[in-house]
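There are two complexes below, and they share chain A, which is joined by chain B in the first and by chain C in the second.
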Partner chain A sequence: MSASKRIVKELTEVTSNPPAGTKVQLVDESDVHVWEVLLDGPEQSVYAGGHFKLLLTLPKDYPFKPPVLNFQTKIYHPNVSNDDKGSMCLGMLRSDEWKPPNKLMAVINMARNLLIEPNPDDAVETAIADQYKSNRQEFEKTARDWTKKFAGRK
Partner chain B sequence: MANQEDEREEELSAITAIFPELVLDEKNPFKATIDLPVAPASPLTVVFPFPVDGAPPLSNLLTPPGSDNEGRKASAAAPWEIRHLSYLPPLRLHIILPAGYPAEKAPQVQLSTSPAWLPKDVTRNLEAECAELWEEYGHGQVVFAYIDYLQQAAERGFDLAERAGGMLEVAQDMKIALLDFDIEAKREKFEQETFDCGVCLEPKKGSSCHRMVRCGHVFCVPCLQDFYNNAITEGDVASIKCLAPDCGKDRRGNTAQSTQRKKKRERTLNPSELLQIPLERTAVQRYVELKRKKKLESDKTTVYCPRTWCQGPARSKKYPKVTNLSQIVESDSDSETETPPKNEPKDLPPSADRLRICEDCNYAFCRVCLSGWHGEFVRCWPRSNTELTEEEKASYDYIRLHTSPCPTCSSPCQKTMGCNHMNCFQCRTHFCYLCGAWLDAGNPYQHFNQPDKGCYMRLWELEGGDEGNGEVHFDGARGWEAAIAAANEADAAQGNQDQNRDGPAPPGVPPEAPRPPRTDDDPPPVVALQQMQLDEATELENDLWNDIRQRQALDRRLQRPAPQPPQPRRRQRDPAPAAAPAAANAAAPPEPRVGLQRFLQMVRNDEEDGWDSDELEDVDGGWDIPER
Partner chain C sequence: MSAPNSPTLGLFRSDARPGPLTIPPPNLEGTATATATATAATWSDPRQFVVGAPPNPPSPLALRALTSPSNRRATLAAPTLPLGHADSIRKRSSLPADIDLSTLDYITACDENLICPICRCPLDKPVRLACDHIFCDECLNRALEAQRNGERNCPSCRTRVHGWSEDAGKQKHKTSIPRILTQMLDELVVRCPNGKAGCKWQDKRGEVQDHVDRYCDYTLLACPESECGEVVPRKHRGKSCLHFHTKCEDCEQSVLRLDLEAHQESECPKRAKDCSKCGANIPVRELISHLSSKCPETIVSCPGSPYGCSFQSPHADLKPHTKTCPIAAMAPFLSAQQARQDTQEAQQKLLQRKVDVLEGGFSSIQSLLYTSDAGTRTPTTPLEAMSDPMLRSGSNNGAASASSTAPATENPPFDSSTEHLLFLHDSLRNEISRVENALAVLDARTTMTLLNESLRAKEEMAHTNAAINGMRMQLHWLMSARLQAQREQSGPRAGPSVGGGGAGGAAGASAPMLRPVRRSSEESRQKL
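And then the complex of A and B:
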């Protein structure tokens, strides 16, 4: 229905005018519901130099329900679950916070901004969040190491 | 002359080309009418004074608002109703081009509004302006110039804002017409606009869009319908709010103190707005019901029907049951003052306020003791939901006190008659009713023939059956019973009570499996037990009567009668003579005692006797097993 029309519209918008350091493409050309986002670690962040692969999955009833964002590249971040899912779920991605007019461009931007400035108060990985708050140096070191190790080159 | 006529005709036809809405009079070709829309650039502030003491408000209208009105306004500011109108009923211009126009005569003009909201002095001034213009134009054609002048004046709001403190006073009786006009005009304008729906990201005509009543955000109707219908179907009431991502957030920030209440109130939509969008009535109905349910559930004072199959909420004035959508549409359920949750007073409500009636099944009950309504003059106490009901507790106690668990499957067994060789009705295990020992199926009676065993020669003890008067009591407990007992022991006070009830076992001693075999020398412990439990046991009997009879019937059906030849039934089942004084009570014929006990119980509970008197008489008979 109109949902896929909107998705196509958003996709054109994002691909024709992508946010800095990102590249968006469909995993499978025939399915507009699964997007692959390639995100370069922002220069000013500890993830600089990293190339992160994110999966943006749009539910069947998108935009009524929020998209699901997963980091496929391992990342040391308080807001990204440190498991094979690498899920990020905060702010507008929460189903009770999501509003249909939110756009995927905004979601991608939010993910990018979170790399620059993590949100330890709304963390999935509380241990990392604690470290981020109490021992920033150690956090940054590990984050850099992981970036080098897991997100160095495709 | 002919020239002049041509000039008039020419002018009017030119005007008609510019203003197609100009209507020429059929009889007089030089008479025309045009409605000029009044949409001031900045909304006009209109005051509708409430008629005071029936004073004709019209007089206010006729006298030009002046300083004296301002004084009044200040003194009676409160009861005045102030509205800001962007659209007002049009200014109607009647214009007649007389013979001799334009060279000799000025056009005759007449201005009016319907209803007459524009003050007379204003219209008079506007009318006068026509002649002035005509003079200014050197007696030339002025119709277009005049219309243009009027339009500009209308856009300035006829400079009404500069007088009377920026307010136009209009009689109350024109209020509805003016407001309606404003709304209608706004709607028309809205319908002609184009909006980008934030959901489908398509540009949509205003006619297929909806503007949120409270915040003014615009979305297209199909998207709103899809979203809200979906949310209502899923029962997600909290999502029924404006879809704009930042909507309501600013306001929440502004009103930091009353955040919690504001948030709730401002967000979910009024059902009437859903109907406006429009949503199906059934969906809106469901929305209203869901909302009400949420409110009921979040209100700690809500009382629910104690009937387990019903559990509807009791009728309440605060959240009236929705039967008719039009009712709720009128009342703005969101603006209803959401009373902050009152701290439930620890004191019980006064007896006059204890009656509750279930709105679903119409059951009238007491909200304190949750039993059927007992009138205002009965003292009652709260019943905790965690407590077992009187009936359940009685059954449980009875089972614990008066049955012997099968040593294999723990099914509670009660002997109705016969010898103490039991055959479990569930698993067919052979066991001894007195001590719970397993018996050899091949020769079960050997157990009673061994002089060194506690049950020696006691095969026929309690031959008439254990009627639940505590003659036989086993401490054996099933797993869950043991767990409960352990939990109870942890709770010292509770534990004590339970233990006392259980028998003479000291508190803290876990219930053990079959009691050590008795010897005939010992006074049978059951007697002591009986003494201790007499009060409780007899009390229990009342409630248990039905239960017992059912059990008896069940046992009769399931338990094979003992293979021994029937013996005359003995009422005194405990053979120990030492028990005589204590047992005398218990041994008395049960009928009178039971009847009396029951009567007392009923008096206590203010109940009516559901028993047939026949039944009472037959009670003893009911216990008998026809002998074969």
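And then the complex of A and C:
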């Protein structure tokens, strides 16, 4: 009861005052546990011009367990797994790092900041992280290509 | 509480009754014993025992004399019901033992510092840890329970929490809460949790438990008739049991006595009431709609109000205004436009979604083609390998086809597999024409060698023919010379014999025939 009340509170907070370049809505109006986040690639990043669709799934015992963030749009990023799940799992989203007082607004902001500045030291895709560190030009080129190819249109 | 319209529903009243609070089934032993033990401790307080008749609520003054509202909450949780009946009532009536403060409707805007970081509601029974972070008691317990491998850390800063235990009685992690905090929390203004049932009460949060337990007219309590087992709002509790059917004096409908007032107030079809504003006698059922729109005294706004007219007047004065107001005249048109725009927007949304789906399908088809392109690249190699031996055999036969055996240029990436197949087809055709050329060259070559060889053989044959002729002539000459010598020997003696003469005649006849043969052979030799 109080958990879903918190979720509703956070949802109204995020929808009434969304972080720049994001839009949040429920996938199914009757289920507050699955959010759809539409994220525009930040202007200063290599993902500029892309529109990314993310799925934010809140576990049953939220806020005691961390939410799960999945990129539904394919993205070339060291911290997003390059499969059909597109899961992003680092920092505060890890179950041992998650703190109940964390807000979902902060989670969305973190995802956005990771697009601006990837974290190759905590990567899921080690190949992309190595390329990011050693051959930044090639990484940026591929990331731009993928953004154009997969996240170009809404 | 609304009463059902049809009398038949009354038979199933205990199940079908709509209401904000649920009534647990009577055979729920677990909850019964749980609440019984929970309340057992407080029952030892003799002040709470009122045997026999329903208790009169203590005077408000006496209550105020007790300590702080929060402290009071604990003692107030004790039942205000007759002993022995209380536990059975507790399970039937849904008198909340302790109101869940997080579900309350807060009227004052709460300071961010008074909000629990876990449930994001104003703190309920705040607990302060050694690191100075404050949470609701229940939130903190749940957060610590959820932590793994026995470590208990502060949910905010991860400082180790000492002395926590799952058993609430053994917990030693709490430090004292500043009085000002509890006072600020108790002073937040909330609505009564029975608001849905009709209670208009709103006051400080510290008073809400007190209000619900002792004063709220809408709190459900056990029916004063101990055998009845039903629940009844407090306002009807002073009377005897109201759980029997009776007839409405106006409409003759059978109505539960408990719901009779509500029925007469708003549902009875026969009952009429004077409108408080215009004084007209209106059936109670229509009173609400009358007040909101029809009553001439009700203040209504111009029909053009959504489009900019700010005129407001009693219903009766509206007509002259609508005749002059240009916005009101436009209102039907504008609303029709609005409706059309709305439907079109909805349609556009639908189409947008359709386009999205189609675009998604298209892009997936495209990506499918891309991947299949990469897949068919490998199978093409056997095809090329198959055409290779043919080319090689052609190159063995002639230098002319050597240039055509140059390996096929590296295929550029294709946009689609159809294009790729077309390209493959073209290259195969080229191969075939190359093979054709090679075959033609080969054919010419073989015919030439054949011709050369046969010419040489012919020449040789002519040579041998000539040689044979020469030998024949020599043979003739020798033969004729010998025949002549024989004839000269036998002629003078006995005349030529028949056989010899015949042979000689044949030889003599053949001698002149030899000449042209020699001549012809000489001619052919000269020709060559």
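Please note the rule applied: the second predicted complex is superposed on the first by the 154 of 154 C-alpha atoms of A that agree within 3 Å, B and C clash if a C-alpha of one lies under 4 Å from a C-alpha of the other, contacts with A are read in each partner's own complex, and residues count from 1 in each chain.
Here, a residue touches a chain if its C-beta (ideal position, glycine included) is under 8 Å from a C-beta of that chain, and two chains touch if they have at least 3 such contacts.
Nothing here was measured: the structure is a model prediction, and the numbers come from that model.
Once the two complexes are laid over each other on the shared chain, residue contacts for A:92 go to chain B alone; chain C is not touched. Applying the stated contact rule after C-alpha superposition, one finds that A:64 touches each of chain B and chain C. In the overlay built on the shared chain, the residue A:100 is in contact with chain B and with chain C.
Legend: residue contacts after superposition of the two complexes on their common chain; A:10 is shown touching both chain B and chain C. Common to the chain B and chain C interfaces on chain A are residues 2, 5-6, 9-10, 61, 63-64, 96, 99-101. If you check the complex, the residues on chain A that touch chain B are 2, 5-6, 9-10, 61, 63-64, 92, 96, 99-102.
Of all residues in chain C, only 100, 102-103, 117-121, 139, 142-143, 146, 148, 155-156, 158, 356, 359 touch chain A in the complex they form.
Put simply, chain B touches chain A in their complex at residues 198-202, 219, 222-223, 226-227, 230-231, 238-239, 243-245, 247.
Residue ranges of chain A in contact with chain C, taken from their complex: 1-3, 5-6, 9-10, 61, 63-65, 96, 99-101, 153-154.
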